[in-house]
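The data blocks that follow each hold one structure.
Each of the two complexes below includes chain A, the first together with chain B, the second together with chain C.
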Partner chain A sequence: MIRLALSRALRQLVLVPIVALASYYLMAALPVPTEEESKRQLSSELVESYRRDLGLGQPLGFLRPWEKLIKGERLGTTAQGVTFEEMLVKLSGSAGIGLVGLALALAWAAAFALLRAGQGRASEAAGTGLPALAFGTPAFIPALLLAPAVVERGHLLPELAAALVVSVWPGVLLGTLVADALRQELERDYVRTAAAKGLPRARVVARHVLPNVLPALLDSLPPVATTLLAGSFAAERVLGLPYFGQLYVAAVLQKQVAVVVVATTVFAALLVVVTLGVELARLLVDPRAREAGR
Partner chain B sequence: MRRAALLGSLLAACGPCGFQPDPGVKVVVPAMPSTLDWSTSDPTSWVNYPVMLATMKGLTQLSERNEIQPGIAQRWERERTPEGHERYVFHLRRDVKWSDGVTPVTARDFVTGFRRAAVGKERTETSDLLGVEEVLRLLERGAPRAEVDAAVERIGARALDDWTLEVTLQHPRSYFLARLANVYLFFPAPSAFLAGKSEDEVRAYFDRPRGGHPLSVGPFRVESWDRAGERVRLVRNPGSAFAPKLGPGERPVEVLTLLKSEVGPALYDRGRVGFVFVDSPLALRSGRFPDLQRRELLSTYFLAFNTQRPPLDSPEVRRAIAMALDRDALLRGLLPAARTTHVLLPPTMPLSATAEEAKRLPDFDLAAARELLQKHPVTRTLRLVHTARESFVPETAIAERIRDQLAKVGIQVEIDARADFASEIARRTYDVYLKRLGADYAHPNTFFTLFERTGNHFTGWDQIGGGEPLQRFQALRERADGEADFETARRLYAQAQEVLVGEQVVIAPLYHPDRYFRARPDLAGLSVDPFNFLSLGEVRLR
Partner chain C sequence: MRRAAVVGWVALALLFSLSFAFGRLWPEVTARACPFGADALRPDHTVCELAFGGLWVSLAMGVAAAALATALGLAVAVAARWTGGALDRAAMRFAEAFFSLPDVLVLMVLQFAAQTAGDLNPALKVSPPLLMVLSLAAVGWAAPARMVRSRLTTLEAPDYVAAARALGAGRAQVLRAHVWPFLRSYLLALFLARVPAAILAESTVSFLGIGRLEPMSLGRYLGVSSSALLYEGGGRIVLPAWGLLVAVVLAANLAGRSLGGAAPGRSPSS
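Showing the complex of A and B:
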């Protein structure tokens, strides 16, 4: 099983350099303004940082941004660029919001799945209406509603509000998937057989149904992580949080291309870590995954 | 070790207590600075003004009535040299120190600042200094660095001793003293701390604030600049020679944070920020802000004509339109107050026209407008272009009212609100456009440069009469710029205005815009300056 886990880990990790190279070459392919154009479009310092930080025309130039970061040098222009330490501090904030958001999303998912599993018109209406509301509402709208109450308050209130805002959509999505999987499983013959043999319903659900529902939940975690990260861009901006999402947006707006390359790769790496965690969890909880891997 | 600690905080998700609000006074600004280096700055310099004006001072400063007063220079002499240049000798105050509390501000600091500005991103703004034209030419043709440096050494800024600065202008310029007050390219630079630093280190000195640097002269210095967090934290410069005077019961502001927020007004209502601009016409009309304040700007909003497109190629048609516009009715009810006008230079601008001179310019006169239009009818629909972005000028409402007013004299107008306004008027396919012109300094010159041959007016008036009226306008402006006598200069500027607005009717001025804001009652001196920049230099707590 360890071998299987390692092979899956390698398969996932290979994605990181691929994304790093893809984002590097996409940025490097951007037309560098000529001297004449740069007078109108980009400052000479920006053009200079573009060439210097991307190592354009140098052998192994794609390693240049990473080399600079590791050496503690600044990426981008003096006014708008970032150092490795600044980036890590910003990333820690966003990662924290993402983790709390994930926990909240799981809580929303459980609550929503239970709601949909319930009988009656109210449950049915909520089961239909909530996803429509959640999926039709961009993250910045609840962020704007919460912002006046939390911005400039400190004591983790803006961070918690951001986590809350970004968790709703993924939570309802997860809940919908889990509820559908749960419903399908509850209609299967083995559930009726277990009930007929006198097993209490709670035990049937906990012992037999949930392990079968878990793979569906795990499958949906990587897209949920993507959504959490994307939602954090809007939430951090509206809630005035100076973290990685804001840094990324600012880097794009200020044309700090080397920062964009690194930030894109870091985001990809985070998603790979999540996917890897999901793969490992699946190997642990799902015997069929272990079988398929042999 | 430090990185391990940072990684630890990453694993711990967030810091021990997350992002904390800044202490002290907080001010919501519409944009963050693009640089803190005042000598080189940036073409989008308006975003940098609030910080630079709070932290720096020039040789002169402006009074409440926009008159020139001594700043770091306590006095000066002005003379014309035999070569036709203008030579100023500034005598500096000896009690002005940089924010480290020990380093005096000397003439050498001004020379360093002027030289840096001459090769900076806004170098053309310093072209009045003797020798800067040569620097610009060398840079334009990509001359070697050594050659440029040698030319920079020769520009008209020289330290005669620590406290005496000699500045030589290529030509006499009566607006120069006004520019020194708030065009930050002419502020001093801490030469002792920049000496020996590479270009990159100098940039880092200004744009990476740490350890009390960059030094300042004004009442505040920059302590930190969080780009991702979009906030700049200023702290009090206790030894500043320009600290605001405290009234009874007042105390200085120790920390002042400029921040951007999507919910600024809501934060102000909840008492979490101390200042916010109020630009929305709806909010201004609601009348629900008892603490709303108004600041008169040195600014004019006008209607410009495309003088090359028939029927607007006729000055009589342009005059008829200028006279058909009832400025009071255009603005009525749109803003809490409006200073309507038919002149370009605001009355609060030094050297502006007298009431008698202003009378000669076309003003609202419906009967006269109708009479002119009977002789020179407008037979096609005119296209009015205005900018589509948000502004503190209620452009859409004004454009609609202009359309309605002109309909009453038989002129049909279609309105075209453009996000690409600047490009659109440059295409010259418009008939009329609306624009706000704001002063960069307290002098008429700042208003006239837009309408010169090289200005971005796109009205085509440089082609009227083979260019003769424009040449006359430029000659009047040039003579006024070089005139040392106040009254003579004022009269010449009034004549130049008359050519532009009265004789050729290239534009029809509509009103002098004001800026509205809310500031907490416990904050005194927090305002907007006449140039539409947040003014922090006099702020204090009650």
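Showing the complex of A and C:
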């Protein structure tokens, strides 16, 4: 099982250097302005940081942004760049919002699954309408509606509002997947057999059904994490939260090229960590995954 | 299911027509009838005028990007299946990896790189709507590629395909005569699923100020108006745009339910 886990980990980890190199060489391919042009288009400090931070013309130049970060130097311009410590602090803020968002998403999922389990037209309409409402609502819309009430109020209210707005669509997605998986398992023969043998329903669900639903729940976590991350860009921007999503958007708007390269790689690394965690958890809880890997 | 699909198609057609009519052809009619009043930052335009105009831009770009993404995905899937072996596995592994990245993130990087290149060298400048469509297609090809590749495996599995090959039919003939009739409705369903995804990704990126679309899409309109929203109360400006976005997503979802591709063994027209 350890060998299987390692081979799966390597398959996922290869994404990180690919994203790092792709984003670096995409930015390094941008035409470097001449001095005359740079006076018109960009500040000289920005052009200088572009050359310096990307290590243009140097061997192994793609390592230059990382080298600067590890040494504690500022990446980008003085006013708008970022250091390693600042990036860590912002990342932890966004991670905190993401974890609270995940907890809220699980709550939404439970509520939605219960709603779908109901009989009748109202349940069916809710089962169709709510996912469309959730999917058709980008995170910035509820953030805009909540912003006047929570911005500048402090007491972690903007953070909670951000977690709330990014959690809705992942919650509905999770609820749909879990409700479908639950319904399929409850129709299986082994459930009927267990019930026919006199086992209480709660025990049948806990002992037999939920362990078979757990892999479906685990498989949905990577897309949920992706959606939480993607929602954080707009939510943090609207609610004025100075965390990683806001850092990324500001770096793009202010043309902090090296910051964009590093931040893109960090995002990809976060997603890889989540996917790795899910794959390892899957190997632990699902004997079929262990067998399939042999 | 069939009635829901018809409702979806009708709603999509209606949204297209209304957005073109009230956003482009007769904005003055929208202005007179709008219950939400004038826009906070552009008082010479009403909220409805800007919302319907934004919907038209968002729909046009979403449809174009979804069509291009589906075509790209189909090309990659067919090429991978045709080649087979290690290239096939590598292509699908790449598509999987690409698919795992958030749309908005990749879109921002592509927009940033292309806009900066255009700013620094005018010869490389691409018009913002074309740039947005190309970026959305570059972001959206991976999902259709994975799904079409998987579907091709199913559609080439039946005995009649093996019989056709044994009788000397070439790959192109098998694709045209035996696979394509079952694949086309599946492709249309994938295209319909991509339309709202493309519109939402574009809305988010434009809202953040990274897309430079003129005339404004729904997302850009909300982004430009967001500062006024914080002080004026957001409801009357946000609600029309929100309602239109949800209507497009619901309509595309319902319309896509009628498709999904016939299964081999049944007539492709069923």
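In this section, the second predicted complex is superposed on the first by the 291 of 294 C-alpha atoms of A that agree within 3 Å, B and C clash if a C-alpha of one lies under 4 Å from a C-alpha of the other, contacts with A are read in each partner's own complex, and residues count from 1 in each chain.
Here is the rule we use: contacts are C-beta pairs under 8 Å (C-beta built on N, C-alpha and C of every residue); 3 or more make two chains touch, one makes a residue touch a chain.
Not measured: the values here are computed from a predicted model.
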First, second, both or neither for A:T264, with chain B first and chain C second: second
First, second, both or neither for A:L30, with chain B first and chain C second: second
First (chain B), second (chain C), both or neither touched by A:G129: second
Touching partner for A:L13 - first (chain B), second (chain C), both, neither: neither
Partner chain in contact with A:P222 - chain B first, chain C second, else both or neither: second
Partner chain(s) touched by A:V252 [first = chain B, second = chain C, both, neither]: second
Of chain B and chain C, the chain that contacts the larger number of chain A residues: C
Touching partner for A:A147 - first (chain B), second (chain C), both, neither: both
Touched partner set for A:L56, first chain B, second chain C, both or neither: neither
First, second, both or neither for A:V238, with chain B first and chain C second: both
Where chain A meets both chain C and chain B, residue numbers: 144, 147-148, 151, 237-238
Chain A partner contacts - residues on chain C that touch it in the complex: 4, 93, 97, 100-105, 108-109, 111-113, 116-117, 119-121, 124, 196, 200, 203-204, 207-210, 219, 222-223, 226, 229-231, 233-235, 238, 241-242, 245-250, 253-254
Residue ranges of chain B in contact with chain A within the complex: 2-3, 6-7, 9-10, 12-15, 17-21, 26, 34-37, 42, 121, 142, 200, 203-204, 207-208, 226-231, 259-263, 266-267, 269-270, 272-273
Complex interface listing, chain A residues touching chain B: 35, 43, 45, 77-80, 82, 84-85, 88-93, 95-97, 99-100, 144, 147-148, 151-156, 158-159, 237-238, 240-244, 246-247, 250
Of all residues in chain A, those that touch chain C in their complex: 11, 15, 18-19, 23, 26-27, 29-33, 37, 41-42, 128-129, 131-133, 135-141, 144-145, 147-148, 151, 222, 226-227, 229-230, 233-234, 237-238, 248-249, 252-253, 255, 257, 260, 264, 267-268, 271, 275
